[in-house]
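Chain lettering (A, B, C, D and E) follows the sequence in which the chains are written, and residue indices restart at 1 in each chain.
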């Protein structure tokens, strides 16, 4: 219950699993960096990294070597303890929060059930929100520890921005919670699995060809959530925290080498959480188009005529692939938007967060609640 | 809730990060003090005046305060939202709906007031 | 040692050490960060007490909002220089420490002397707790919501009004230019 | 009465004692520290300590009321922090000082 | 049909909604919107009242009581008060009057107040008044009633002083408020006495417990309690000795005078006594006092009315006089007759006040009847409706006032607690009423015009004349529901619906053997009736002659009476007497106390004490050194001490 399992084997598996997920995240970062550089080059009609290895793929390794050989630097004016702590703490919230996102159906063996995620948290949304709200400390620690006013300014801006958009984010999620009636991400995915069906006034509308995804019920919520997620991960068009023209590089002005890389891992980690949550809330999570996990497993068992055990494994792989595809699409959208849209001005950013997105999210909540209330309270 | 797992991976990542810091220190070496300017804080190529008490807009902290207050109001909606359907099923839906709508009216009034009083204006 | 006990002792250690450093650190920023650590520890303690939702709320509200505000204010106003972290006066200091010590001693004494009733309570409530622990999420949040929105509905709405009033008040406070008897 | 092991059998008392310890720390901070903002933080610490005991009672008595009370306490604490900091900041803006000894205008 | 709980809730809350809607936008000058909201609110209440009345009609006579309790208001040991409301035969009449007449007056106000700056505030106050009046009337316990009682007092104060920039008007408001406070204090003490005696304040329970009272002497608890309640009633209903505020209350807008100071609020005292009739019956001495006070108020106020020249003042004294009639009625145990007169009076006096409002409006704020005359041709509708009201008030058959006044007079004569002197006083009052009301009519509407050249009188608009017409109709037919047996049997067995309706609730006074029989003579009743009508008619005719045909004669008559006329003209110097006898001595006493006692003894003593405290304070001051943490330490030490005391005990 509280710990990681009932037997030594399970504990070991769970420990390895969490470490594995963490390293998957860490490994994804160089790939994303490469993707981002190639993608930006593609968008801007230039080449991008293409010298080291095929398509510049080995560029990542070269970068890593470069980072490792940089000499370790800390400004004298700053606070060395905080300066060194900040990058380490940058890794933590992103990784811990990401592990709560389910990536595939559980793998069921005779005596154990393995979840294809770091761990299952039954108040998933609240947990993820709570953990990712800790990211502000990293930024403030970095900004303060650097002892530079650019850093401090960038840190304050970044944290003010993060907390401002956390409101819109949190409120957009209320619609999702209302819709599924749970905090648990796995239950949400289950609610979205299978064909489209919608109950109102005691009647049920079904469409067997369409998936039952949340985006059909919460389009406004999805847009708000996604936009807020951009701001939460300090990505363009919301990267005011490091607006080069004003603040050099924001809170990591004084950072370089591996410490800088760790901040990047944190930032990309937030991006991954946002994509993962987007998929989970609005696009059915790991579930395959208009099919429930049970359907999929049955299909494997029937068409390939394999045992349930094998079908389960195949189903796990299929769902994981499905999740990865959806996940990758959103990551790509993140990258694409970054190289498409210009940066906001700071007052525009705050106005957007407080005066546009928050009221819209409120309206979304009220309308969702009203529709749910009216359609399920009055049975015709 | 897998509290043990969370704590385990937290400690693991912290250890891993520290390891990375030390690894980089080992491979890259400590920065050699070739000049004082190298260790000063960054200042666009001119000599830093090193005044830390820069004026920073009070808006930042005002934003943070307002964030806290609105955040709590949003948090109050969570248990309501996650149980709204089951409340409707058990017949207290109208009551729940009305009570939250009253709360939302207060919320909206607060937001409206803040916007109107230009507390959220950045200039 | 069971994992529950291990977690409790671990978290107790974390909270107490970070709580101590809140009081003892002379740099207020370290105090604030330590307090954030305490909050996170308390949140984890809530998890060991099956209060999952509250643990999340503790993270969001305390660690993610209130302490961020504290840290921000400390950084905004550059409050790191503190020549005198603690109050002067040996006698009053002694009285203060003594009163705190005696108070905690008294309460701890009372709590441990009430061990019997405590254990019986534990046994009587254990069945309910086992059910709660097994079924986890839906029942506790459901019960929480029922209690909050039906039994304490007035308090809930009143808190809404309180938050509104404070939102208005802080804006007014932050705009005030200072009173009539400024020193200079 | 079955033998209870103080180390392994975690009961209500453990949480209560922990709560008392944290509360006393907060109280000592309130009494001894001189920085206004640190004082506010110590008050938060005291409130957190109380929250622990509320939730512990809630668990060991099998009633949810304790948790609801914690919910309320959190709200009040956040409100208190907001107002307290707003006051501290406006005081700081005027006197450039957050030492508590500076505000002894409440003399008799 | 809607259930009665909901109906009562709507009935009560509708004016509150109106009050909030108008009160929250009180700066608006949109009289149409404000008036529509307020009138609509009261009309909704009126509809609810009618529905409730119909529900009562449906029920059989024994079960005509719709009670509702919304929540428990106060619960201290045995002292339990619910926010409970009761609609029964008596209160339904009151709510019909309040909301019916109230909506007409709201309608009238739209026209009357349209040029006023505070019109929205005005309507908000009016709605608040209606709400409080409904609480007063419907409350099922004395305390609930008292809430309304205070509430209407507040609204009365607000509305009398509505034009508070005029200090005289503000003072009039304060006078009303202070005078009412005296009565209210007595009312509260009366409630205490009744609670101590009966252990409850619920009126239903009180009435049920009333027959258990044994001690009905002067010093009996019930007598004292009812006497105190009656003093409260004299404050609210403007009886001797607390009537002085009502004439001054005419400073408020005229529709307010019509609503509050004629039709509804001032009758609250009568209503209260009727509600508690079993208790009052157990206190014959109180009843006697009530009857005497009522009769003497009726005569005294009527005499003052003879000499007044302000159109509203005349009506105000007339109101006081008519209220005296009602108290006379309840004093002799004719509770039904009192309620009956309350209702008919509400119709015709509201009519006359609104008529006077119409006149004042048409005359551009002129209130002096010496500067009127001949208005008949300028304001035909106002004149005609006023004429009907006049006929009703002087008691001409078959107008409403005749039946109610006659019933009172007959009861004053024939009731076991009546007396021929009371009857005589009543007739005298009727004669005087006929005289001064005719004088008012003659000076205002008839005769030659004395209107100033600059003033161009005009008839008022529809929103003002429609209420007048409705009320005029009611003044004519309103009395037909209570036709006395003598006339009813003569005209072919017309039943006395009024008596029948109230019968289950109105307690009959146990007839004293050998006395009631002699009085209950139908021929005697007819004779007395004829006597009073003829005397009133003669008085009216003489007044008509005196003020239209022979214009100098009134001055001659005044001269002939000389000092007496002066005395009456100065309102018997009651205000002056109050000042000389009560207020000034009190002020002087206080001043002397201050000069001699306070300065010499109390001040010195307090200074000494202050010195001691000062010395002690400067010693203790060291503790309060502004150091918050030190204070916190004191708290901590205190907690430690208390806790160790608790634990070590």
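One rule holds for everything that comes next: a contact is a pair of C-beta atoms (placed from the backbone, for glycine too) under 8 Å apart; a residue touches a chain by one contact, two chains touch by 3 or more.
From a predicted model like this one, the values you see are computed outputs, not experimental measurements.
Under the contact definition, chain C and chain E share the contacting chains D. Of all the chains, the one whose CA centre sits at the greatest distance from that of chain D is E.
Contact tally for B-C versus A-B: the pair with more C-beta pairs in contact is A-B. With centres defined by CA atoms alone, the chain at the far end from chain A is E.
Taking each chain's centre as the average of its CA atoms, chain A and chain D sit 34 Å apart.
Taking each chain's centre as the mean of its C-alpha atoms, chain D lies 59 Å from chain E. If you average the CA atoms of chain A and of chain C, the two centres end up 29 Å from each other.
Centroids built from CA atoms put chain D at 22 Å from chain B. For chain E, residues touching at least two other chains, in rising order: 629, 633, 636.
Of all residues in chain D, those that touch two or more other chains are 27, 31-32, 74-75, 78-79, 81-82, 85-86, 89, 93, 100-101. The set of chain C residues that touch two or more partner chains comprises 3-4, 7, 47-48, 52-53, 55, 57-58, 60-61, 64-66, 68-69, 72-73, 76, 87, 96, 99-100, 103, 107, 136, 141, 144, 146, 148, 159, 163, 166, 170, 174. Listed by chain label, the pairs that touch are A-B, A-C, B-C, B-D, C-D, C-E, D-E.
Across the interface of their complex, chain A is touched by residues 1-6, 8-10, 12-14, 16-18, 20-21, 23-25, 27-32, 38-44, 50, 52, 54, 56, 59-60, 63-64, 67, 70-71, 74-75, 77-78, 81-86, 88-89, 93-94, 97, 100-101, 104, 107-108, 111, 114-115, 120-123 of chain B.
Chain E makes touch with chain C in their complex at residues 629-630, 633, 636-637, 639-640, 643-644, 647. Within the complex formed with chain C, the residues of chain A that make contact are 1-3, 82, 121-123, 126-127, 129-131, 133-134, 136-137, 140-141, 143-144, 152, 155-156, 159-160, 163, 166, 170, 182-184.
Listed in rising order, the residues of chain B touching chain C in the complex are 1, 3-4, 6-7, 52-53, 56, 58, 60-62, 64-73, 75-76, 78-80, 82-83, 86-87, 92, 95-96, 99-100, 102-103, 106-107, 109-110, 113-114, 117, 119.
Against chain D, in their complex, chain C makes its touches with residues 1-2, 4-5, 8-9, 12, 15-16, 19-20, 22-23, 28, 31-32, 35, 38-39, 42, 45-46, 49-51, 53-54, 57-58, 61-62, 65-66, 69-70, 73-74, 77, 79, 82, 84-87, 93, 96-97, 99-101, 103-104, 107-108, 111-112, 114-116, 118-119, 121-122, 124-125, 127-129, 132, 140, 143-144, 146-148, 151-152, 155, 159, 162-163, 166, 169-170, 173-174, 176, 178-179, 182-183.
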